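These notes open a run of structures that come right after.
Two complexes come next, and they have one chain in common, chain A, joined by chain B in the first and chain C in the second.
Up next is the complex of A and B:
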């Protein structure tokens, strides 16, 4: 399988912004066109495993749209209506997934070049990196609760909801505080509070593929705006 | 001396709590999204209340632990940035405004950021306004693309928009979410007093 493209994070950020504004006001045909283009962009940037899920959402929309126009049933109309909103965001979600996959250090250096406030850069990078870990922490707490017979959908869970709420929340809160202490110590050790400009091992510069991607996205935006 | 502005520890704490709140919120939103298919959108009314009830204790702990102005605003802006990644750049403006509302709630004199009642009230107002974001999304899409759904007439779309975005629905979502987050804050304060204040992890003013 071919290697993913190496793009500057600022290019990925620009693509998210442009596509984010383009999805509004686009017709279904234009959205499909955007989806195909972003699908290729995502594929070239290493978003391969989740592509079928996006396609599945698209199929759900077409199916519910067909059933709604055939039967006029309120349930199918509702599903079609909501799935349309999901379909609206699919191109932007694909562009977003490419950006989310950028290593935190690279993203921080690139945003630093754009003179983003340091507080914002650190918070943004930490929360992006922590989202999957938070999911794991919640799952591991639930596993322990299951082993002790106090899980949400166990007998105790139904009989004593307040206790279950407490059993789930307190370990999570303590874990979050502990992780924030550990991450702070790690960040301070790496000199994040230093008043000088941060250097990085990542080479942050626009390459020819960045210019090509930006030009293509701008051309796409121009084409879609002209055909409205 | 305690720093007046957000330090690295505060920023990391806010980022971590934001991620956890977002994970819980998005997982429950998915469940309510499926339920809303089955209830023709009815689940949307209570989803904000339930999500706020469950996330209010985390929000309260974050605010009281950081205890400085700017915590709610940074949390809100982070939320906006994460929505930006999902293709909604407009939501950064919405969340900046919501964050400012939350900060204004903590403005009155006194040590508001350590006062559990003030923090709970700010949490309830903040989460209630935040719960209107699906309506904001619908409003943005509706204004940009009123006849977007393939195969439907503009009148049908207007009817659907009337169901999901009318003043009564929005007011109902706001009131229910306020109630949910107020109960969540009360429960959160109880948990914090029992487990965190007693052990010295957290200092609060009653």
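Up next is the complex of A and C:
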């Protein structure tokens, strides 16, 4: 397979924003068109493994929509209703996945270029780091709970769900407090409060493909808005 | 250089932390602060790097100066240009997922040009032998490598004063030796260094002065020559760890095999997460009650994976585990084999220490006597009404041990029970292991800690290259062999 396209993170941000606005008020045909365009955009940017899942959701919608109109069964109608909402967001999700796959350092560099305040950039970096850490902590806590016979799906878990909830929550809170404390200490002793504009080791710049992508997306937006 | 004069620190509630503490460190000097847990060592470190002044819960009086300038009046970024800080747990210090981005953090904050940032990263990474790891994900590195990244991430600033807070507590012996080499280099370059540390052995030959801190006061100051001749008994009485790694002799390690319980592992293979080659291959050994078996080996060799497989938390294993001659099925193994993890904070659920012992256990008369006895033996009785999160690291680790001992499981696996502990906690833990083993328990202890092996071990199992390479009973003459095994580990 060919190498993924290298785009400036700022281009990716813009694509997410424009597509995010476009999906509102679009008809189903327009959404489908958007989906195809975003599918190609995602494919070019290295979103390949998860592409079939998006297509699967689309098929689920068409199937349930067809069945709903044929049988008028409440079950199919409700599935069609919910899958319609998911389909609405599919193009934006694709654009979002491209953005999320960008290394954190480049994203921070892009935010810096846009003159975002330092506090927001650091908060952004920390929250990116925090989510996987919190996941690991929760898993470890539940493993200990399993061993001590107070896990969610043990006898105690069924009989006293609130107590189990407390057992999970207390150590989690204490751990997260401690981690945020240590992260702050590590940041402060490395000059995070310096009143100087942040630079980045990652040099990002607009290349010709960035201009092409932005122009195409703007043209698409114009075309879709005109045909509404 | 560093001047602390008549410092008084207490919390807003009035608990004293430092009491009329004075310390002056000359330029180019290496000072080690040691003493029992909770003596105020960390607070001294946090005074020098200024973190204590940002803590609203502390009231600080007295004069603290760095190069003649009041630390309190400096801005946090001005302090960070002069003082580099290394913390205990490198896991929670990182902002970036990639090593290179992490090293760039300081330079980026000071708005340096990308070209200069690259130069500084290259230099700091070269000093720590991190050049081949620059594009690696930090999560995948070993503890030793993570500590190197943390140190390189402050070295890019090229400060001349360094403060380190228990830098060795998550490191094995090989990584600790590398840390000692680095500190020697810094000292030769004329940097001023203050280290708060329990493990003294790797610093004995490097330090200029060791300050013994207790109850928030500098009780005594030892020069290198004086420290070396301090007898082991006096160190132990002060709650200090060994200045030279000495094997403990003259204790009875020959456990009387009572054969009440037996843990047998037959042809056990531990598969790796990624599904590639197995971590450990065809392990076969058995342990009887009365034994305290020390399990050693490099970081990432699969000791923790083995523990997780033994207690049934992980499915990534093949082979059989039997307890008392009966096959232990994975789902039921947690009733027979208990695994106490290294991180104590995960494992404390109760509202008080007393409450903690009865999580998942009925509070009947027998268990109450048992709990009272355990708390007294582990020196926790006076803390029984405290909330576990308010305890010190050593106390927390002893509470997790006590909680495991409350259950009736025959096999207990401990993961690094003495990392970051002072001598007193280490001794208490060792005594408790020996006493409980003599009753009817089987202990398998994952550790890098020579001092713990020396105090409590009866047998050592060493893992290398996916198999057990050494398995021998410990006696008065095993010291040299244990030390050579530990130093051969990869950092």
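Here, the second predicted complex is superposed on the first by the 217 of 228 C-alpha atoms of A that agree within 3 Å, B and C clash if a C-alpha of one lies under 4 Å from a C-alpha of the other, contacts with A are read in each partner's own complex, and residues count from 1 in each chain.
We adopt the following convention: a contact is a pair of C-beta atoms (placed from the backbone, for glycine too) under 8 Å apart; a residue touches a chain by one contact, two chains touch by 3 or more.
From a predicted model like this one, the values you see are computed outputs, not experimental measurements.
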For A:183, decide between first (touching chain B), second (touching chain C), both and neither. both
Going by the touch definition up top, name the partner, chain B or chain C, that contacts more of chain A. B
Applying the document's definition of touch, where does A:100 land relative to chain B and chain C: first, second, both, or neither? first
By the touch definition at the top of the document, which applies to A:120: first (chain B), second (chain C), both, or neither? first
With the two complexes superposed on chain A, say which partner A:227 touches: chain B (first), chain C (second), both, or neither. neither
First, second, both or neither for A:50, with chain B first and chain C second: neither
Touch test for A:27: chain B only (first), chain C only (second), both, or neither? first
Report for A:165: first if it touches chain B alone, second if chain C alone, otherwise both or neither. first
For A:73 in the superposed arrangement: first (chain B), second (chain C), both or neither? neither
Classify the contacts of A:192 with the two partner chains as first (chain B alone), second (chain C alone), both, or neither. both
Based on the A-chain superposition described above, do chain B and chain C contact any of the same residues on chain A, and if so which? 122, 125-126, 128, 133, 137, 166, 170, 174, 179, 183, 187-188, 192-193
Looking at the complex, which residues from chain B come into contact with chain A? 6-9, 11-20, 22-24, 33, 36-38, 40-41, 57-58, 61, 65, 74, 77-78, 81-82, 84-89, 137-138, 140-141, 144-145, 148-152, 156, 160, 187, 191, 195-196, 201
Along chain A, where are the residues that touch chain B in the complex? 16-17, 19-21, 23-28, 65, 68-69, 74-75, 77-82, 84-85, 88-89, 91-93, 95-96, 99-100, 119-120, 122-128, 130-131, 133-135, 137-138, 162, 165-166, 169-170, 172-174, 176-177, 179-181, 183-184, 187-188, 192-193
Give every residue of chain C touching chain A within the complex, in rising order. 49-51, 54, 75-77, 79-81, 83-85, 87, 89, 92-98, 100-101, 104-114, 117-118, 121, 139, 150, 153-154, 157, 311, 313, 334, 338-339, 341, 343, 345-349, 359-360, 389, 403, 407
Residues of chain A touching chain C in their complex? 103-105, 118, 122, 125-126, 128-129, 132-133, 137, 140-141, 143-150, 156, 166-167, 170-171, 174-175, 178-179, 182-183, 185-203
